[in-house]
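You will see two complexes here that share chain A, one where it goes with chain B and one where it goes with chain C.
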Partner chain A sequence: MMRRAAPFLACLGLLVIWQLASLALNSDSFPTALEAIRAIPTILGDKDSLVNFGASLRRMAIGFAVAVAVSMPLGLLMGRSRVVASFFNPLLMVVYPVPKAALMPIIMLWLGVGDLAKTLVIFLGVSLPVIYHSFEGAKAVEEKMLWSGAAMGLSAAQRMVRIVLPAALPEILTGCRTGLVLALITMITSEMIARQSGAGNILFNALDMGQYDTVFAMIIIVGAMGICLDALFERMRARLVRWSEPQFDIPLSFS
Partner chain B sequence: MIEIDHVSQVFQTSARQDHLALSDISLTVADGAFVSILGPSGCGKSTLLYIVGGFVQPTSGAAKMKGQTIKGPGPDRGPVFQEFALFPWKSVLGNVMYGLRQQCMKYAEAEAQSRALIEMVGLKGFENFYPKELSGGMKQRVALARTLAYHPEVLLMDEPFGALDAHTRTRLQNDLLNIWERDRKTVLFVTHSVEEAVFLSDKVVMMTRSPGRIRQIVDIDLPRPRRRTELLLDPRYQQYVVAIERMFDDSGEDGLQP
Partner chain C sequence: MNTRAVASDLLLGLIPIALLVAVWQALVSFGYAPVTLLPPPGRVLARMIEQLETITFQEAIAATLFRLFAGFSIAVVLGVVVGLAAAVNPSINAVVRPIVRVLAPLPKVALYPALLLLVGFGHESKILLVTFDALFPILLSTYYGASTVEQKLIWSAMAAGTPPRQILFKVVLPAASPSILTGCRISLVISCIVVFLAEMITSTDGLGHVLVAAARTFQAVDMFVPLITISLLGLILNGLLELLRTYLLRGFPEA
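Up next is the complex of A and B:
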């Protein structure tokens, strides 16, 4: 009971502190928590902003899905083949430390400010953690497990799909979870740089116009979106890799 | 019949030096024989097993199965590893069924055969457990059932009981003998325990370390079916164990234990 209520109490506490701090500071650019919360229904009730949210989520979904579809097989191949790994490793090492949003100007130059550019930034943001974790997961697959499969007659391709993939799945999903959060971050950032549509667009337009209650309301909405997506993903992940969860780690004493 | 014909294996060490792991091994294993490869750790006995399994290619020489040179793994040779190597995302039943489903057997039939095998290795009631929920001994029972399921002609056992405690180990040795004495598959069994080798085998292949060579082959002429309690009191069993241990001592090798 207490454990379930704890996160909500934490949120409530945060809002109370916010409310008190904003009352104490009494600044125009820092609305009270209540003001921000009151602005949420207005935003969500507005058709234009819903269209913007839809566009954001669509780009995020496409960017995330394409990134996972490309990066996961690549990472798995890198983990099992030295040639593939030594080819892609240097490339990734160059790309890894670059903030993907920093590439936005170049991407905009080539692809314009539309969906394609923004989706590409999301794709880049999601790709790296997924590649990295798939790579690590595939590398850690026990050789003897693959041998057991080979002895049963599984071809190299079958071993990849039917042994390496499931064995690395917990690690892959960890990467995807990080990727999901990065998708949200790159989504907002890309819309902040190329303001044309999306949740980031609403947020920064409101900032320009000095509608601070909307700014803070948007932060709450985007934050809540992140929490919900992460929680949903975590549920799916826990279901998929139930076999590897630590609560299952209670060996029976029986020879 | 398995023929190992002048097999040598050279590994590159991390210092990029050649290390001769196996030197000129020739050995014939008759159909239906239980043959143990006994030697100190680092003598290349597991490597020899992997070569027969087709998991490792020998540097020179060849391993043959029924006259055909072994080029890769195949369902005619079923491995059982010390590390169990179970598929952790599959239940006990799923693991045991895996090989049969790979051979495109119908689900119901594969399930029926697998359930029978699971019962045979003493795990009835654990069909839906995941490997993580099982003890080491139970895992190795599953691994054995998983390999027996696809009916390999030869069992390749790589120190299968090496990771188990003494009590569990004895129980599994007994059960393995019971199972083996029923269908008499060819077994190649790698171990560093003299007692285990003598207890289980028809033939014990003694190996020396660095480079791994065959030192001597001892025929174990003890009656079957073997019962552990009877055997331990049998002077012939004791003589085999002592004689083999002496031979290792004389060779100046630092014992059999790893």
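Up next is the complex of A and C:
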């Protein structure tokens, strides 16, 4: 009971600290927590902003799904074959510290400000952690299981699907969880750079126009989105890999 | 692995990078992409060398590095202290754990507008954003490393008469250091990415600003230069951290 309530208590505590801090500072640009919460229903009730949220979530879902579909097989192959691994590793190492959302201005030059550019950026952001974790997971599969599989007459492709994939699944899902947080971050940043539609667009336009309670309300909404998506994913993960203990029970978020 | 295998692995790894550059060059040479949108790699490189010699660009790099290091150092100190405290003391753990659970999956970029409004457009808001993003991987890996220290080590230290306070610094901290350094490595790359993004959103200097300024005037060549620079910086810093890691962990069996 206490364990389940703890995150809610933490949220409540943070909001109380916020309320007290804003009362103490008493500045125009820092509304109190209550004012920000009061602004949420107006945002959620507005049809335009709901359309924006929908567009954001759609891009995020497509980018995330395509990234997982491409990166997972690649990571698994890299983990099982040394040639594939040494083929891709240096490239991935070079690409790793590139801020993916910062590619947005360049991609915008080629593909315009539409959905395609933003989805591509989300795809790029999600794929690296998924590749990395699938790679690590596949590398750690016990050789003996593969040998037994081969002895029982499984082909290489069958071994991949029936032995490597399930064995690496906990690690892969850790990667997906990191990817999910990343997808949200890249989504917001890409929309901030290409202000055309989406949640990031509302947030940063409100900032520019000085609607500070909208800014803080949006921060709450986006934060709640992150926490809810993460909790949902955690539920799913717990069902899929009930047999394995999670190493970290909190995702490592990247930008 | 012998040196020949390493050499052939390295060659194999260079293929995709060379291929990428070749495709890039081919796209321009055969006229599939106009030079204004996709400048040839040679021109980008020449421009980069030219830029590296100018004072303004060096100042931009210096500003970015300052913010990066300031934010990262605060995150390391805070992360290690809080992580250790949470691992050692159950009541601190009970408070820190739910808060981290709520804050870790939050997209930190969304907090940036709030930071802007609170501490202004100067260095502070960017440093704080870097700190927020870099903090959690370090905190979690410290916590994880410190809470998996072998109990026997602590018992032997106690049997040898070490006071409890010193056990923390002489046993727990060294034993957790491989894990802490892994967290630092993740955080370092995140810091690179985040500082760049923050500078893109609002700034008058730094590498991110160089990119935005180039994007506003559609100077495609100048857009590639800061992106490549930040990636190189990331790679160099990563390499330096790796050196530090091998030095610090020289007594460990496998690091």
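One rule holds for everything that comes next: the second predicted complex is superposed on the first by the 245 of 255 C-alpha atoms of A that agree within 3 Å, B and C clash if a C-alpha of one lies under 4 Å from a C-alpha of the other, contacts with A are read in each partner's own complex, and residues count from 1 in each chain.
Here is the rule we use: a contact is a pair of C-beta atoms (placed from the backbone, for glycine too) under 8 Å apart; a residue touches a chain by one contact, two chains touch by 3 or more.
These figures come from a predicted structure and were not determined experimentally.
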Exercise for the section: Tell me which partner A:24 touches in the superposition: chain B (first), chain C (second), both or neither. Expected result: neither
Could you tell me if A:157 is touching chain B, chain C, both of them or neither one (first, second, both, neither)?
neither
Exercise. In the overlay, answer first, second, both or neither for which of chain B and chain C A:166 touches.
Key: first
Message: Applying the document's definition of touch, where does A:148 land relative to chain B and chain C: first, second, both, or neither?
response: first
Winner on chain A touched-residue count between chain B and chain C: chain C
Inset, instruction - Examine A:9 and indicate which partner it touches, taking first as chain B and second as chain C; both and neither are also allowed. - result: second
Footprint intersection on chain A (chain B / chain C) at 248-255
Seen from chain B, its contact residues with chain A in the complex are 50, 53-55, 72-75, 77-79, 81, 83, 85-90, 98-99, 102-103, 130-135, 137-138, 146-147, 150, 152, 164, 167-168, 171-172
Chain B partner, complex, touching residues on chain A are 142, 144-145, 147-148, 150-154, 163, 166-167, 169, 241, 243-244, 248-255
The answer for chain A against chain C in the complex is residues 6-7, 9-11, 13-14, 29-30, 82-83, 86-91, 93-103, 105-106, 109-110, 181, 184-185, 188-189, 192-193, 203-204, 206-207, 212, 215-216, 218-219, 222-223, 226-227, 229-230, 247-255
Counting only contacts in the complex, chain C reaches chain A at residues 9-10, 12-17, 20, 33, 37-38, 94, 97-111, 113-114, 116-118, 133, 136-137, 140, 144, 186, 189-190, 192-194, 196-197, 200-201, 208, 211-212, 215, 218, 220, 223-224, 227, 230-231, 233-235, 238
